[in-house]
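By written order: A, B and C. Residues from 1 in each chain.
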């Protein structure tokens, strides 16, 4: 083909492609505010994007990873964010402060929080921590420690607490050197320690293990208005979650490509993924469903550990209007697409 | 003589008069804010009513008095950190100004320390100085070192050739040139650096608290913020700001007294005092 | 004798053919390499805690990984430096502008100063939600945070430079009936420039750490978010690689500013003064 013809052809292609591209640009942006950038911790996002599920639903995800010192709820209120990832304590505090938010989806149904001890420690339960210094990853983990001590009849005043901060090395050194007898923190913290050679054992009381962790909250006033975009987003998310149930290798490869920074150490990455699947994969029949009884049972202990100021009626904010639509997809089709992706991208 | 008001009372009256416009401006702003929230113009959770903030201030300071411990901790961290950082900075700057070689070898490392982000240093600082006030003091000292160092060094190395020639022509020694010419010439910049450094040290202490701390104004603030008790959070923030203002104005007063030649009234006061001392000495 | 002649003589005297300047660079490099070697050896001998001090060899490996193999750092670097630059410009404009305004006008100074101090004494983390609510997520609010972090040094230095006018010279100017504009341009400005430049240098390094603070709060992209990811995963070697990248860039920028400073405030050093006066002499000779 001569130069001239090539130019003509490419111009023609561009001219016809542009309207097509513009049409494809007709995506609704869903602004989601959460604590982490794209990460193995919330792999459904990465998986759904790799398989093009958001685009299919006409949705584009604008992720707004922000430090938790920013009040997420305020941005739901003023519309700058459509969805915020909150935990139960934040949700109830927000309701107590009068924010009109609804919890529409449970992202993680197994609480990642726990009490971790060093492998070499002789402690067998939280009761053994009485009279020692316990480390907290952040100020907010004190409430969890208090609840844990509550289950064995002890009180928070029976231990000394010190805030260690989120920095990996500091947590690792604290456990390794015995500066603290245990750490009240969350799964991502343990995984990193374990993957880097600091063995961690968990002594979290049984009663505290079943607790909704992260959830999606949205503005109550615009639930109907944004229904299409929301259902599309949640359906794509749920599909991403489903892939991990049937094809974890595909998920691993998608993560390796999508978030290389977390997979520089292959072993750490795998461990991280395993634990993330454990947290993200819903145990309810409808994926992402809201467990009303768990929320109701949760509040008294939150109240007694002073994490919340007063209890809130769960029906006033738990809202499952999107759950059916989110679960409305062909399981077999998703399985096939995931397998095809893996074959192509191996 | 009695119908002329005494200088002191006139000063006080003038002082109050000068304060009045400030107060009026401030109260007007507050009133607008309160009304905006009451009438629903400002609906965000982030911006509470001034009346709620005042309520929180009362609770924090009077009813429950929770804030005093944290206030004191953060203030100590900032001031001690500043003193250490400033001490090291001024010393190094003085040596650098006196010795070319010293300056050449110290400055690159000072710059490197400055451009290395605080986030990077935090784990190491915590490892060295522990989980308590020590690490916050250390971070405050590290962060406020550089502005003071740079300003002091610049102040000491600026040369007024003419004046130096004058000094030498009357046979001044190196030490005298340094003490009577270069140091006073450097003082304005030095104090500018100290002012920057002091507020920087406070910020350093608070930032360190946000990253890892069990007690302190920063911790209190983020605790309230998490509970969405924005009124209390802002009240705590105000406390931080008061600390900052106090520190800054302390530095201003010191600046005024030490660099006295800048204000005419101070200059005449000091020269009168010196004249008196001289007269007393020579007995004339 | 010009500086170049002096250097040539000095080199000839040392007899090694290496100029004085190059010798100094070699000494600096030597010290640096010695430190690195010490670090590596201490790490291998187990003296240094591997959690906090990754080995230089591991850090070099990370450099290779993130710059070449994965190449994931380039985009973040571009983003962060863009923010630093824009924030620095905004902060300088604000700082110098406010400083000059406040310096020249005592009335404004009285009213504005407390609010400026209050602004400076407030940690930006506290102000961040308000900025985001006002300017939206993304670059604008991040630049605003950086601007707030770095405006204070230029402000204080400009204020100091404008206020501390040399009284004698001012009298001299006035006695020759100089206009306000002339006083400003020929007396105040030249005297204030070194001080303002010093403030600018501080502002630039402050902008660098300000960018990291902004990225700590909004962690979508940039070196700050990359460092957080690596630190969270205890991948200290890569975290340090990112940090040192910033250090090197910061250092280069700083040196660049020093050179710019020497050109702009040329009367402060010999070679610069000579260069400009030669040029001016030639210009006058042509003209007259």
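Keep this in mind: a contact is a pair of C-beta atoms (placed from the backbone, for glycine too) under 8 Å apart; a residue touches a chain by one contact, two chains touch by 3 or more.
Predicted model, so just to flag it, every value in this text is computed and none were measured.
Farthest chain from subunit A (centres taken as the mean of C-alpha atoms): B. The chain pair with more C-beta contacts between its two chains, of A-B and A-C, is A-C. Averaged Cα coordinates give subunit B a centre that lies 21 Å from the centre of subunit C. Computed from the mean C-alpha positions, the centre of subunit A lies at a distance of 42 Å from the centre of subunit B.
For the pair subunit A and subunit C, the distance between C-alpha centroids works out to 39 Å. Shared interface positions of subunit A, i.e. residues touching 2 or more other chains, are given as 69, 71, 74, 78, 166-169, 173. Shown for subunit B are the residues in touch with two or more other chains, namely 44, 46, 123, 127, 210. Among all residues of subunit C, those that touch two or more other chains are 49, 52, 125, 129, 133, 216, 231.
Contact residues on subunit B toward subunit A in their complex (touch as defined above): 43-46, 122-123, 126-127, 131, 210-214, 219, 222-223, 225-230. Per the touch definition, subunit C reaches subunit A in the complex via residues 49, 51-52, 65, 70, 72, 125, 128-129, 132-133, 136-137, 216-221, 225-226, 229-236, 238.
Subunit A meets subunit B in the complex at residues 68-69, 71, 73-74, 77-78, 90, 93-94, 96-97, 99, 139-140, 161-170, 173, 179, 309.
Listed in rising order, the residues of subunit C touching subunit B in the complex are 24, 28, 49, 52-53, 110-111, 114, 117-118, 120-123, 125-126, 129-130, 133, 152-153, 156-157, 159-160, 163-164, 194-195, 198, 201-202, 205, 208-209, 212-213, 216, 224, 227-228, 231, 239-240, 243, 246-247, 249-251, 254, 268. Touching subunit C in their complex are the following residues of subunit B: 18, 21-22, 25, 44, 46-47, 104-105, 108, 111-112, 114-120, 123-124, 127, 146-147, 150-151, 154, 158, 188-189, 192, 195-196, 199, 202-203, 206-207, 210, 218, 221, 237, 240-241, 243-245, 247-248, 262.
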